[in-house]
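What follows is chain A paired twice: with chain B in the first complex and chain C in the second.
What follows is the complex of A and B.
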């Protein structure tokens, strides 16, 4: 187990010129010993590259990696004592399930009775005990992936266990089960776990801290509620939540705030003197309001969908083409298509973003 | 009872016709010859299985068969491990990879009789590079004089000619292994030997099966190269089955015995391929299941 500090940048191409050439832009990050982290972002955002740099499969082109303060940039995964589980199951075809699980220990010369005990424990944990003597090659994809997970967890003394979208091939109902298993294992063993995924539900339920990444940049690190309530970057607002945050153009003026062409009487402290801004408000926090209410905008309802536990309202801000989405409780009176409604956009959870897409006003907690 | 769609037979008719004209009819001609004594184009006598009996008792043929099996065995033992080793040492990407691929494939592009001719000159101890070099080392080497030297030269020629095929097949098989396997092995702390034993070799099973079958069948039918190089000599030390067959059928025009022998030859290849195929299918799939139950 180890605390992991990163201070690096990476480009796969030699002599990178612009930001486009970098898979990972310069970043500084720390993973605390025993923490459960998720790297979350769309395909191609650099999260797998970051993971492979931590494990040592990829050497960063600039900067380095430290484990417990010791520079390990030049060390192999083996020397770093890392366990990693990949997106698709990797099993050794000619071995049985038990031999597969024992392989990382056997290669390190662990005593046979300790191997047997450890393999038994891991198999128990992953519910593979009944299949220990079967050939791994003949098993279904999810059982194979459990073997891969098992090989990642079989060593007790690892610096960290890294997961690269490990549940991609698993059926949805098993996904929940395995994710719960992983959380449980994390609680029992207190290993440092880093989990790469593009699925926000997976990231937010698994990890204590989620790193949101886009285009080679880590835009925010935080807990689920921080990412939800205080996105530090428009991308986080857009990527987290379903649907994502509503964004409206805003302009701070002497007499108040102008949002999507409408003048709102009040101007929050954070926006004063900031010029052109983007207002962000989550669909969950948009409320229906009486006509002319403070901090509310008129909008024409385009669509109202019943999503089961809530209604999803899509409306166009009057006099413009900005669309906003609102989640309404089914107990409210749901407006009809074509009606004009007033929606409160200014509230305690409304965020403002500057032209660099960064949140303004409040600094990161 | 399920209804049977008899029209389906029409769909396989073209294939049946093609196979009939390309394989079954010629084979039937051979069957026809094998049970008759062809005295002249007009005169023929039905002799039943006599040719089969006499051919099976023929010492020359038995000798050729044993030499043939020994040769094919030696070819497999040398070429398969060498091909794997070659494939493992070839570069995976970059211009080196293309250059090495072309170089390795060169010997496959040379016509068989030219291969024989090349080695005939190459192995001569007066002017041939190989033969002269061996002679310089003080070793008495002559592929025309010594049965052992002739054998080694034929084997060496086949290894030179065909190992690249095994190497190319294995190379393709190796490139098809996803990177994740090597990464996982590196994280699991596997040695190079363990990577070969537990990842590369099992993943090569499919292409190796094809390589072994191809090299076995080809070497079992070898004709041109030893014919050009040694003419089957010295004595009949390098007379393999096909050359023996050609001597009988075309040289002496013994159509009946030659036809009977062709059929036996065909059945031997079929049988050995069947055994090899089944054995290789079982290797690596069955052993662990049995161990698991045991």
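What follows is the complex of A and C.
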């Protein structure tokens, strides 16, 4: 296992000029030894390029990669001692499950009794013990992918295990179990794991630290709570959460904060003298309030949806075209479409963003 | 259009893909076909479209028997998981193709309007291969909408897109469906997607149609354990129980106070949705002490897995919360929020709704 330090950039072509010529803009980051990380972002954000640079499949156009302080930029994945798990199962159909799991160890001449012990341990964790002597050919896609995961995890001496969207072929009901398995396995084996996904559930559940990426840039590295409560960039607010953070235009003035054309009367310390801002508040933190309440705005209900465990309210801020979404408990009185409601936009977890989309402040919790 | 299926079944050799089913789709509304992969959703859609003839039974479109009539003689629009467009045609030509085939006028204007509704106007002169996956699927959707067919079938159309794209496109689609005149059928494996689309839901499991009704009603009153399983994400917590004088005895000496009116078997199954379990107690709640197995975090919720005396429970908590693996935690349940199923798995009691 290794600590991994990156200080690099990757351009599509020689002599890059603008940001658009970069698959990865200059970045500096470290993966701690034994940590669980996720690279999260939409397709085209650079997460797979970053993973391929860590594994050694891609050489960065600038800078380099260090494993435990040693420059490995020019080394192949084999030389770096990296294990990888891909989107689709990579296994030998003619071998049994046990032989498949043992393969990476046997290849490196590990003693047979150690192989047996480790294969047994990994099979037990992935609930494959009952199928060890079965041929892989006859198994369903998700069982095959479990074998792939097992093969990635079976070696104890790897620098890191890299996962590229490994749960794509898994049925939603089984994804639950596998996400949980991966988390428990990390807890038990303490391998350095780096996991690429566009799925926030997988990333936030699995990782201790999530790297959120967009357009070749890592916009925030943080824990799930940090990404949820204190998004560093409007993209993080938007991307984390379903639906994502609500954004409203705001302007700090002498007499208070003006939000989407409404004077709120109070101006949080964080907004003073900042000029034009964007206010960000999550649907989970928008609350129904009495008419004229401090920090609240009037809005007209456009849609009220029963999402089973909660209601999702879509409302248009009165006198403008800004839409906001609020998540309400089924035990509250749910307003009807067309009704005017007051919604608290200045709560304990409201964030403010500058014109570069970076967070400039927030209300105190 | 009113589409009616009468005793439709589909067999291939000895294998049943669809068991005999009756289904009348609510006209000009969205019907969600909800079920896991292999549940029979695609098989059923292919029969509805006329891509396959059923082994038995009849398909009626506005009262007319169209069983076995091939799809090209039916006015049906379809959208698939894969983004299917004509690769050598531009986006504009792709969208306009059903209009040109029918020799309609004002094709360019109609194409422009549809492209605007699906936010692909800037790409009209490009080829599909030059677009992102989300944009390609928008083109396929625009072409399906251009047909203006009375029946529109969508087979997991968003499954191959990033979830943020899926969120936006799903919103737009529900608005388009709501304003349209078509009867829409939309297949998905995801309970939350069904709830977001609203309309009506038909739950399929292993080739059987289990329940059909307004989406929220099916969710809140699943007719059986099988429906509750198919329509809960995270899965519904289920425990064996014994009916007694003081309520229902669950494992580990836990008593659930729930009064059952109808006659029933002594052996019961109690179901609790993850959203009904809380970490803060309320008066009258049943306390279920346990130990944290795992906290899973979606962007907006934390799914807390807890090992308790009655078995492992999953609780859905709003927002992001961090828990230490192995730490003690107590979950609380309002007994009125529990579902009760009889020995054969049929619903006896559901939580009351306001």
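We take it that the second predicted complex is superposed on the first by the 349 of 365 C-alpha atoms of A that agree within 3 Å, B and C clash if a C-alpha of one lies under 4 Å from a C-alpha of the other, contacts with A are read in each partner's own complex, and residues count from 1 in each chain.
Basically, a contact is a pair of C-beta atoms (placed from the backbone, for glycine too) under 8 Å apart; a residue touches a chain by one contact, two chains touch by 3 or more.
Small disclaimer: the values here were computed from a predicted structure and weren't measured.
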Fit-or-clash call for chain B and chain C when the two complexes are aligned on chain A: fit
Which superposed partner A:327 touches (first chain B, second chain C, both, neither): second
Partner chain in contact with A:187 - chain B first, chain C second, else both or neither: second
First, second, both or neither for A:118, with chain B first and chain C second: neither
Dominant toucher of chain A (residue count), chain B or chain C: C
Touching partner for A:83 - first (chain B), second (chain C), both, neither: first
Touching partner for A:47 - first (chain B), second (chain C), both, neither: neither
Partner chain in contact with A:151 - chain B first, chain C second, else both or neither: first
Touched partner set for A:108, first chain B, second chain C, both or neither: first
Smallest distance from any CA atom of chain C to any CA atom of chain B, in Å, after fitting: 10
Shared contact residues on chain A - chain B and chain C: none
Residues of chain C touching chain A in the complex: 36-37, 132-133, 162-165, 167, 189-192, 195-196, 198, 216, 219-220, 233-235, 273-275, 293-300, 305, 316, 318-322, 325
Residue ranges of chain A touching chain B (in the complex, touch as defined): 55, 57, 76-78, 82-84, 86-88, 90, 92-96, 103-104, 107-108, 133-135, 137, 148, 151
Interface residues, chain A side, partner chain C - complex: 42-44, 171-173, 176, 179-180, 183-184, 187, 198-201, 204-205, 223-225, 227-229, 238-244, 282-284, 305-310, 312, 327
List of chain B residues in touch with chain A within their complex: 178, 180-181, 183-184, 186-191, 194, 198-199, 202-203, 284-285, 288-289, 291-293
